[in-house]
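Note that the chains take the letters A, B, C and D in the order they are written out, and that residue 1 is the start of every chain.
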Amino acid sequence: MFYREAGQFKTSYAADQALLPIRQDRIGLGLILLVAFVAVPLLASDFFIGSIMIPFLVFTLAAVGLNILTGYAGQLSLGTGAFMGVGAYACYKLTTYFPDINILFMVLLSGIFSAAVGVVFGLPSLRIKGLYLAITTLAAQFFLEWCFIRIGWLYNYNDSGAIEVPQRKLFDIAITGASASPTVRYLVIVSLVALMTLVAANVLRGRIGRSWMMIRDMDIAAELMGVRPLYAKLSAFAFSSYYCGVAGALMVFFWIGSAEAEAFDINHSLLVLFMVIIGGMGSLLGCFMGAAFIWILPIAIRAVPQMLGLDVIAATTEHVSNIIIGVLIIFFLIVEPHGLARLWQIGKEKLRTWPFPYSSN
Amino acid sequence: MQSLPSLPHYLLRNAEQYAERVAMRHKDLGIWHEWTWDEVCTQVQAYALGLKELGLQEGDKVAIIGNNRPKLYWSFAAIQSIGGVPVPMYADAVAEEMVYVLEHAGVRFAVCQDQEQVDKVVSVQEQLPLLTQILYDEPRGMRGYDESRILSIEAVQQLGLKLLERDRHQAVQWRTGIDKLETDQLCVMLYTSGTTGRPKGVMLSHRNLIVTSINANTFDNLGVDEEIIAYLPLAWVGDHVFSYGQSLTAGYCVCCPESLDTIAADRREIAPSYFFAPPRVFESLLTSITVAMEDASRLKRLMFDHFIRVARRYGEDVLNGKSLPLTARLHYALGDFMVYGPLKNRLGMSKVRVAYTAGEAIGPDIFRFYRSLGINLKQLYGQTEASVYITAQPDGQIDADTVGTPSLDVEIRIAENGEVLYRSPGVFMGYYQNDEATATTKTPDGWVLTGDAGFIDDKGHLRIIDRAKDVGKLNDGSLFPPKYIENKLKFFPAVKEVVAFGDQRDYVAAFVNIDLTSVANWAERNNIVYASYQELAGHPQVYDMIESHIEEVNQDLLAEPRVAGACIRRFLVLHKELDADDGELTRTQKVRRKFINERYQPLIDALYSDQDSQFVSTTVVFEDGRKGTIEADVRLCTVGARAPLAQAS
Amino acid sequence: MEMLHSIFVSPFIEMGAYPDFFLQVVWEGFVAGVLYSLIALGFVLIYKASGVFNFAQGIMVVFAALALVSLHGMGVPAWLAVILALGIMGLLAIGVERLVLRKLVNQHDAILLMATIGLTLVLKGVGQLLFGGEPKPMITEELGLPTGSTDWEVFDGIVIFQHIDIAATVVALLMVLALALFFSKTRIGRALRAVADDHQAALSVGISLHQIWAIVWFASGIVALVTGIMWGARSEVSFALEIIALKALAVLILGGFTSIPGAIVGGLIIGIGEKLFEVYWGALFGSGVEAWFAYVLALIFLLFRPQGLFGERIIERV
Amino acid sequence: MPTGKQVSVDQYSGSTADQDRSSMDLTASKPVSETSRQYTTELLSIENVSLSFGGVQAVTDISFNIMEGEVRAIIGPNGAGKTSLLNIINGFYHPQEGVINFRGKQRRRMKPYQAAASGIARTFQNVALFKGMSTLDNIMSGRSLKMHRGFLWQVIHLGPARNEEIQHRRRVEEIIDFLEIAHIRKQPVGRLPYGLQKRVELGRAMAMEPELLLLDEPMAGMNLEEKEDMSRFIIDLNSEFGTTIALIEHDMGVVMDLADRVVVLDYGKKIADGTPTEVQASQEVIDAYLGVAH
């Protein structure tokens, strides 16, 4: 209906292979970016930015990381939280050693440590598949979590056992630490997330991304087409873990401010997995949808009784949202394993073929 | 505006005036390749020089065989620019059919689209001593052919470029050559298939094409911004004028689809602004819309049907710019947002400013459907001999039954026997090497006999009623146009086929064949039980329905004084479907009148008596080839003689 | 050098020096291993019959135990509470089969795994909502389970055996025996075995796949309840158990996904191994290594014998 | 007129898989002499190869060769070891005994991706397409080996990485054109009818521009019209691009039409080898087909 595509034609492969070949999509994205970069910073409250937008974006980035590994390369991982932790601790140590180097650079650098750890735990994927692999990622999860607790060096032997974020500035504006305003932190995160999503989209549509999907869809055929499983799988682990690592660093430095090992526990890993499942495996858009859904749902559930003037214990809302998310996961797996993103896709297809029920050619 | 002498002149003009504008697009290997007028001109120049190198002389005929491809269109220009004469041919013709035209035209070169066409030409080349050179566009499968006689167009262009390299002066010479072209010189030869006899080569001059093209552009205000999609056969005059003549004179862009399978998708991508399609295309599009909507959810279907009803009510008026109440306008606007806009988008007709249909009668319902959506679909009447345009409907004066007013510079006359004659600058030079046919078609003072019977209605619009030779006379001397009557009746969905009688009779009578799918549907809705086709056909309620349709047609006929005498007085519904297997129809589903006259003589006789029924026995061939007989008492019915009670039901 | 010494020499010297302590550690590990085995048993039952990798097995243990304790807390007698808890597990089995498994037939195993993760979330939410999130003591005495301990004097020292641990071992043993009998002697049991090999064969016995799934889920529900009681009696009933239960996954890697003996042996290896590792080598790494020992062991194991101890070698066809 | 199948032996000698050969360049019009079909260069030879799984003997002491430019058929009753043989050739199975020479060099134990890199492509008996991708992406995936741009270029997807992608897209489009599947270019392959899926799979293998193309029952499950199309593509592929083809096929008519030489297997052993006519006349072949299977 809104997709009136008649008259949109491509005269080059570059245009045909563009990320958003449909003009209406480009306009839509433009509007979203406008809202994200202009409307939200100008209009939204600190609560909305600090408690909704920032966590949502951090989780989105982590979900992108996990989705690359699970949704695109077909390697199930239950260790996302730990990989995020590696990023966070690496960033913490880096800022300790090199306090003068720009924090943004450190955040991006810390992902590399996470990527390296990801590759190590990805090694078994060369011999084992599917469920077995999920267990090796569990090994990563518990081993790394233990490291965060037991290796005092990682948190500079703080008495609290937590890593705490120092104040850092960019162009003389505080962007981390207690005095940094939510809006500033938000702008940093939203820029990074936008940039890294673009990078992910580029990689996914190129040779490397294709090799991941080949391995996912039919690994034997992929190998016979010349894809080396070693490179394909390890690069997926590295790339995915990089994203998780950066997300972890962002989480501590730009969102919660300080963190202990529990912040990166198995529940955290599962939370990101839920975002990917509900958002849609194999879809970048799904990462945004899933993260938004899972993060905002409990907040919404909490808000509803308040609005109705009921007094409900905080724990109860958490339990209720657990149940709802669990039911939704099962529901999506049964009805639409490709999640919200596919629902959107279907809806979009409906709008494109409107008034017809399907595309006739 | 002063017109230029020849079509190649227009190419040169466009290369100068519209140098950077896109002249042509072709979807190939997944994307649309574009050529500006400047580039087209360069391509054509190299091509023309290459042809010259190969020895193509002024006046030589060159066959062009294939689907719509840029290089084939450039072939026209390249050949014409050095005084040659292109002879486009139907790509789907088999080799044996091609021989006649190739031989008759004395073709020296043949330009083929691909290996398939090359193979056809090669297979008959022994019968064509004049044919010395074959060119092809698509190189696939072309390894291992005799390269001294078979070359790719690209290779020919390379030849031209080499010639140019050796001798810079050639470019100037080429232009001088174009300047020497005479406006009344033979420009193109189009063979018309003709219903009977051998194809005839219609010779059109540059003037013919240029004047009609410019007039057509002026008539519909077509300019350099139009985009069209070229998908109709090159050999058909329509394509030659729409995609070549009008494009050159107006400077607009022609787009060639990727393949026959992708036309719909390609049309959607391009969204043409000027569009032509024969009625059957519009018909099948509507069918596919209906079929697709049947699969839609109930709610959506209800919404769709609702807005289509709204469109049928107000759409025509909106299109014609009439004043409507605000609520109606809003209602239509909502429909446009919900249905018409998206629908046009899916059909690739969002940007259509002018659409034409011609060639045969289009069902008024179909015609109005497209117009009600806001697509400016119009009818025109044309012939190869006229360089297409004889009449066309001006904007805002649209009627499903007419073909419009005479086009610019066209004069029209109706002969004594009802035949339509015209005279215009587009009138052809003559049939190639067929003076006899030329003499019978074209009078010495330039009038051309169309072979169609028609009349001009009170608004000055031409109505075509039938082939002139088929139009008969009733005993009282009034006109009897059988096809005109039959077509009117056939536009009712319940009616599949009609055979009308009346020539040298007292009144008009008709056989009616019901459309089984449509009538069976109707029967189900009305709780009519039947066991066989025969029983359904003979059902009184079916007769009532057909009778009411005939009455409607009679009303129409009465409104036109020239055919008022041809109202149907008696009819019967045939007990069996007319079938090509039984020889009643041709393989192209046309009625074989003569055969039916003989076979059903008793029924015809009964129609011209006062009998209420007539027994008939017919031999039929079943699908498995067995023969059998069908016997029936066929009921005969006099129109308007129903009991009042039956009328009320 | 010192490092190597502390890895390869001193732990063994220590073991030899205090054999009673060593035995005590082995026993502790053994009991923990029995419980791992029980959880793994629940996994294997379901995996064998339906190919579902049941991530929710851990939460089922917690859920069953909590249901039992809470029912008793509401004044239901212990024996009735056990029966009611079994009833709840039965309903759960039917519900899971109807609402989840039946709709996910022929899906990729990763999808099934994720569905059970969703199930975990639901059970956790429902459990917390109904029974509260705080840890609860197990109703050990009311169930007639022994408490107290026996000292065994050996090697100039003592090894302490908690009676509940002995009871747990015995119960586990009985459980395994019962299951073995069930599989070999009953019609349904044989059908269950058949279904693991060939779905068609099972159908020819006259039992629908749907029934079989419900039955195995119920069976592993029973196993879960027993596990929950034993575990609860040793410490307490809390949601923390859910995380510990994940170790059963490592057990499965060692034992193979479809082998009941494998589950038992694997459980014992991990139970004893992690205790020994914690006690003798843990200090080296800063203690707490129990958290990951099982997984890392499994990981190393995977690299060398991906099919597990008792699993069959997988040959891939093109 | 096309003079049957044309083979230019000299065209490929000395070329390596990594070079972008001009064979795909459809516009190259190179004079082709009207030679009769003579194959002078051996592309692949298998000598005394045996393969067993556990105690099951899949292939026993088989020797045969494939000449450059020919169409070689491998036929035999079900379970004769035909697919195992293909699996050996493209490195999926490693024979316990025997020697494989490819392009004159003895091949050492080779992984499938190495076989792919050395110029061996393959289609599967049961279509093994990447279900989550479109026709276009599936065929693009065949270009994996030919794409080299590094990770960092991919990240920005500008400059060399994009140019590379576009250059390969063009090649892929030529294949789409060749196989006449333009209308399904952007459809996910999972939803395509079986016959078209087989065609896409052939396209994917073609995209690798292989020296040797192994086709495992390319016409299985197709109707007559689809079989005719597929045969035409195989013939064109062989004659236009000179690709050497080894195919397994059950339809004897197809084999007789397409193949230059046929090797017949039964119970893992070679029972005949020669031109289609020779093979058809062999008593052993007749026995195997009439007496044992079917």
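The working rule: a residue touches a chain if its C-beta (ideal position, glycine included) is under 8 Å from a C-beta of that chain, and two chains touch if they have at least 3 such contacts.
Because the structure is predicted, anything quoted here is derived from the model rather than measured.
Q: What's the overlap between the neighbours of subunit C and those of subunit D?
A: Common contact partners of subunit C and subunit D, which must touch each of the two, are A.
Q: Select, from all pairs of chains, the pair with the highest number of C-beta pairs in contact.
A: Max contact pairs: A-C.
Q: Please identify the chain with the largest separation between its CA centroid and the CA centroid of subunit C.
A: B
Q: Taking each chain's centre as the mean of its CA atoms, how far is subunit A from subunit D in angstrom?
A: 42
Q: Suppose each chain is reduced to the average of its Cα coordinates; what separation in Å results between subunit B and subunit D?
A: 47
Q: Give, as an integer number of Å, the spacing between the C-alpha centres of subunit C and subunit A.
A: Computed from C-alpha means, the inter-chain centre distance equals 33 Å.
Q: Can you compute the centre-to-centre distance for subunit A and subunit B, using the mean CA position of each chain? Integer Å is fine.
A: Once rounded, the distance between the two centres reads 58 Å.
Q: Hunt down the residues of subunit A that sit against at least two other chains at once, touch-wise.
A: 12-13, 16, 220, 361
Q: Could you pull out the residues of subunit C that touch at least 2 other chains?
A: 318
Q: Quick check: what residues of subunit D touch more than one other chain, meaning two or more?
A: As it turns out, subunit D has residues touching two or more other chains at 92, 124, 169-170, 183.
Q: Which residues of subunit D touch subunit B in their complex?
A: Residue positions touching the partner: 1-3, 6, 26-27, 29-32, 34, 136, 169-170, 173-174, 176-178, 180, 182-183, 185, 236, 239-240.
Q: Applying the document's contact rule, which stretches of subunit B touch subunit D when the two form their complex?
A: Going by the criterion above, the answer is residues 28-30, 119, 122, 139-147, 152, 154-155, 258-259, 261-262, 265.
Q: Could you list, by residue number, the parts of subunit D that touch subunit A in their complex?
A: Answer in residue numbers: 90, 92, 111-113, 115-117, 121-122, 124, 128-133, 137, 140-142, 144-145, 147, 149, 151, 154-157, 161-162, 164-166, 169-170, 183, 204, 208.
Q: List the residues on subunit A that touch subunit C in their complex, please.
A: Contacts found on subunit A: 76, 123-124, 127-128, 130-132, 134-136, 138-139, 141-143, 145-146, 149-151, 220, 266, 270, 273-274, 277, 315-316, 318-330, 333-334, 337.
Q: Quick one: in the complex, what on subunit A touches subunit B?
A: Those residues of subunit A that touch subunit B are 1, 3-13, 15-16, 353-358, 360-361.
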